[in-house]
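Listed below are the structures to be examined.
Each of the two complexes below includes subunit A, the first together with subunit B, the second together with subunit C.
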Partner chain A sequence: MNVEQVFPSVGVAIGLGCVSSLGVIVIAKIRRGLVRARSRALLAPYRGALITIASGEDEGGQAKVALGAAPPHIWSRLRPSVVAFLPKVRGVPAEELSALMRSHGEIDEARRMLTSRSAVGRARAAYLLGLVSDSDSVALVLPLLSDPAADVRMVAARALGTIGDPSAGSGILHALRTRRGQIGLPAWVAAEALLSMGVEIAPTLQIGLASDDPAVRSVCAVVAGHGTYISTAPQLRTLLATDSDRDVRAKAAVALGRVGGPDDAATLALHVGPSEKVVLRRTCATALGEVGHRESVEALTGLLGDCDRRLAELAADSLVRIGSEGIARLEEATTTEQGPRARAASGALELAALRGQLVVGSTGP
Partner chain B sequence: MTEPVKTRILVADDDVDILDLVVFKLTQAGFETVAVTDGMAALAAIEADPPRLAILDIMMPGLSGLDVLRKVRANDAMSDLDVILLTARARDTDVDTGFATGASDYVIKPFSPRELLHRVNAVLARDDR
Partner chain C sequence: MMIWSGFLEALRDVVSAIMNLVATPVLIYFVVTNTLLLVLMGLAGWEFVRQHRRKSYAGSEQTVASQLGQGVSVVVPAYNEAVVIVTSVQALLALRFARHEIIVVDDGSTDATFDQLRCAFDLVPVQREVPSDLLTRLNVIDVHVPRDGRTRLVVVRKENSGKSDSINVGINAAVEPLVVFIDADSILAPDALISVTKPFADDPTRVVATGVVVRPINWCKVVDGRMVEVKLAKPWLVRIQVVEYLRAFMLGRSGWSRFGALILISGAFGMFRRDVLVEVGGLDPDSIGEDFELVMRIHRHMIKNRRDYRVQFVAEPVSWAEVPMTVKVLRRQRSRWHRGLWETLWKYRGMALNPRYGRVGLVALPYYWAFELVAPVLEFVGFVLVALGFALGVVNTSYALMFMAVAYGYSTLVTLIAMVIDELSFHKYRRWRDLGAILLASLLENVGYRQATAWWRLEGWWASLRGKKPVWGTMTRRGFGDDSPAVAALSRHV
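Right after this comes the complex of A and B.
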């Protein structure tokens, strides 16, 4: 067979292959469309009841009874819709949807699946138990924080955060550590989970702030600041002044800006000096803007001419946030001085005007 | 006897679950609702026949809820429209941006439908005073 004969045969074969592939795709799409349409038709009578429960309007409980009595072949199709609603609502509707899941045996099944050989199965089970805020499952989900699969560990931490039981807090902090070649939980996942646990997490944070692991101290400082846990302020001051880890000191400074009182202006002002690392100086300048107070104004005004231009900008921005007293200092710098100090001050004032933080003709924000 | 005119509320959300839920809740509370699934349709509906209040998701295809809000506030004919942003964007800066753009209120998902209804009534009552 010569080349002229081979090429047309190959072309025909490729053409036939393309046509048959197209046919398979079209048939699959039609089949999927039919399945969806059938599923929609089957679920249509139940959709109203689901919306009634999710909107909190099922006062007589009829919708719950109707969905609770859905036969298994309907429930298997309805289940994804119920699961889809759960993260969208809170309060009574979320509780009612969770009760519905429980009545169909979904919670028991999820608990069983926590020990599944499949990582996807374990993750899905933990996710569902978090979604329905099943506080009775905390002890069962906790072991997944040391699961061999990193994704399962993350889902477990988030589920524990959603459940919101503070007794899981120390387990989450423990999971931050890298051990036996297993990478620790990402800091943001741990921080979000701890923040979801509310005020009762404070004692765990205090223990974590004294941990020998800088990753744990760092996360606890972030959570202390975001959650405004005032009881952690003494430890944050100590970390800012003495911690051996630069990141922990910076995180402590940010947190102190949020939870600290007027006295902390002096503490933060100690760390904006040129002997400190750039990151810490900048962080403390921002934190001074959060704390406010006269001592902050003095320290920040002194930074306007700093050779680190970013630090000068952050200081000027903090002066704007402090309000009328800080803005007066910036206006003074723009009128009585020239050079870097005046440039930093006028830049911050212009930005503040654009943000609507300044009222024309006044010195107040 | 003629029926009292119902207060009309536009609801825009690309999540059909949320859309159905909010529309149902508002209808049960006696409001008339207009439901759309994207920002362009929301803006068109507002321009065609301004409702008393609009509940906008922020992350929608085409125009975002914030874009719709900006256009509403920039148009003198519609600038009085009350707008509640109903969104999963929960950071402080997101809330700041929402109010700075001119939102009357800001509700974060997951949300309580009952609380949303209270907020709707509060925004409407604020205008009536």
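Right after this comes the complex of A and C.
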């Protein structure tokens, strides 16, 4: 059989393919329109009630009763709207919507789905249990932190964070580890979840800061800083000084800037020297500004002329943050010097003036 | 007379022999090209389904609210963008994201670009230094920020040195760990940064770059820098480009991303890790295909250093930009694109078919050599041969018609399947008449447009081979702000 003989049958196949594709497009478009119109008609009587609950104005509880009595075929269309509202509301509206979900059996169904064979099913279930802050489900969601699917692990961590039970803290730290080629939880997701768990997470953090896994130490340092867990300061100092991982040292420096005291100015100043890596130098310069003690002024002033101009800029900004003594040094640099030191100082002072961070009469544009 | 008829006879024999020789291989080439595109679309469709199923628990709200996620520096190189720059910056500042700054690099504009910005945002000069993490050609003239000191906008003025150099200046000025480059005339969806940073948020240690599909904005309704209604443009030239963007850019690149071998991110909207950009030296100001060249350099750098990394594509339609509306501008654009393709492929020829570079070296690059670079040659030669064959009467008309019907029919089928995927996943064109026009455009594309673009691409390739200096032209645009027919003529890089 030569090419010429094949042409007609190939042409017919292509033609059929084109017609089928057109058919799919037309059917999809018509179907979408019909579904939308039907949903709109079915949900119209309930839309007002949903908005009333979500805006916290259902004082008589009538809207809740109306939505609770919605028949299953209406509820299945209403459900996505309720789920979409949940992450956007707090307090009473969130509780009311959660109760609504519960009354329609969604929580029980989600708990069952946590062991579904479908990863999407497990993730959706964990997401919903997190949305409604179902504290009774913590023990059921925890195993999902070691789920084979990365999505499920991430959603489970977020859900546990939203529920806010500190007993899940060590599980989240464990999920940070990369095992058998499975990438661990993203650090920021774990950190957000831990931060949501409140002060009771402190003992877990202290254990995590001593972990042999740099990812765990790094996340614990982030949480310690953002949550201002002052009790972790000694461990953070040790990490900054001795940790083998650059990222952990940088995170420890940031955290120390937030939780550290006057003594830490000297500790941080040790690491702004040219022998350190750029990232650590810059982080420590910023952290010195966060600590905000006059002991930092000398070290920061010395950085204004550094050949790393970003570092010089950060040092100048930190001097502004320290207050009058830092600002005085910057003003001195602009009046008595020229070149890069003066430029860094002027830039910081100008920005500070624009932001209203300078006292009246100070240098400004 | 005898000599002439003898010549014609000889020519007939030659043309006939060539046609007999190349007809089947060319047909196979056509079929393989479109089949590979179909495979990429299949991969893209698979990815869309996956993303669609994840959407309900993707956690966009958490991303917006998070203070721990990575911040973004949006770098906007601007050259004579007075008509659009203020609206563009306002829209960028209003994007939904936890932490982002806008850096406009005024590349020595000769119009009122900077004055417009100064008036709109009450800019004042500051003696802020721009670090030199990346080498740049020309020094910064000055840096301006809004007088309130809080709005996260930085305007850097410099002498004109081109788009790539301006972006490098912007990277130097950027303080956030992620950097996105966008054209000043791009319109972004309010959640664009959330969508594009999602891969970085999900896999922060490995994802180094993400690209998005840029869709044609011509004739769409834009209010205050926001897309409010997607409409199909009236000129057929633009409609055909809509089809092209859908098939090749959106689905093709999504497929490559799913396959793990995305080697091209549009210069109109790409996001990168700043540290990686600094490591590889930023954009090459001498490259005419700077976006392609950058991604190739990142691949080479990461693989050479044995680093586990990902370059991903986000298919959600979050970025819109004007496409050429005149043949002249389109010709220049396609010529430049092909020249950039050739120069970059040639520069990185050592990676092609090299097992060390994995899927990029063994699959993506050979594909680009065989089916992107060479395609216009075959298409043009085929067209000339068929025309010559008809003129000399050596073509079997029924065979030729069947050949073209199969070849172009298959290509139309591929476009229709692309439309099916788009309709099932994003369905941006909601009006029936738009759908009908796109269908018609997918047929019209085969009549003249393909042949013309093949020729323009060859022009670009030939210009490069001759060492001709690349020329950046001007583009006449409608501008955005409303759907009035007023045409704002301004010059920009094309």
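One rule holds in what follows: the second predicted complex is superposed on the first by the 323 of 365 C-alpha atoms of A that agree within 3 Å, B and C clash if a C-alpha of one lies under 4 Å from a C-alpha of the other, contacts with A are read in each partner's own complex, and residues count from 1 in each chain.
The definition used in the following text is that a contact is a pair of C-beta atoms (placed from the backbone, for glycine too) under 8 Å apart; a residue touches a chain by one contact, two chains touch by 3 or more.
These figures come from a predicted structure and were not determined experimentally.
Undergrad: So in the superposed three-chain picture, is A:187 touching just subunit B, just subunit C, both, or none of them (first/second/both/neither)?
TA: The answer is second: A:187 touches subunit C but not subunit B.
Undergrad: Could you say whether A:154 touches subunit B, subunit C, both of them, or neither, answering first, second, both or neither?
TA: In the superposition, A:154 touches subunit C alone.
Undergrad: After superposition on the shared chain, which partner residues are touched by A:324: those of subunit B (first), subunit C (second), both, or neither?
TA: It touches nothing on subunit B or subunit C.
Undergrad: Report for A:87: first if it touches subunit B alone, second if subunit C alone, otherwise both or neither.
TA: A:87: touches subunit B and subunit C.
Undergrad: Subunit B or subunit C: which reaches more residues on subunit A?
TA: Counting contacted residues of subunit A, the larger count belongs to C.
Undergrad: Just subunit B (first), just subunit C (second), both, or neither: which does A:356 touch?
TA: In the superposition, A:356 contacts both subunit B and subunit C.
Undergrad: According to the stated criteria, A:51 is in contact with first (subunit B), second (subunit C), both, or neither; which is it?
TA: The answer is first: A:51 touches subunit B but not subunit C.
Undergrad: Take the contacts of subunit A with subunit B and those with subunit C, and give the residues found in both.
TA: Common to the two interfaces on subunit A: residues 87-88, 355-356.
Undergrad: What residues of subunit A sit close enough to touch subunit B in their complex?
TA: For this pair, the touching residues of subunit A are 47, 51-52, 54-57, 81, 84-85, 87-94, 355-356.
Undergrad: Applying the document's contact rule, which stretches of subunit B touch subunit A when the two form their complex?
TA: Listed in rising order, the residues are 15, 17-18, 20-22, 24-25, 28, 100, 109-115.
Undergrad: In the complex, go through subunit C and note every residue touching subunit A.
TA: Touch residues, subunit C against subunit A: 23-24, 27, 53-54, 56-57, 59, 61-62, 66-70, 124-133, 145-150, 175, 201-206, 399, 402-403, 405-406, 409-410, 412-413, 416-417, 419-420, 423-424, 427, 432, 435, 439.
Undergrad: Going by the contact rule set out above, which residues of subunit A touch subunit C in the complex?
TA: 3-4, 7-8, 10-11, 14-15, 17-18, 21-22, 24-25, 28-29, 32, 80, 83, 87-88, 120, 123-124, 126-127, 150-151, 154-155, 158, 183, 186-189, 191-192, 195, 222, 226, 308-310, 312-313, 340, 343-344, 346-347, 350-356, 365
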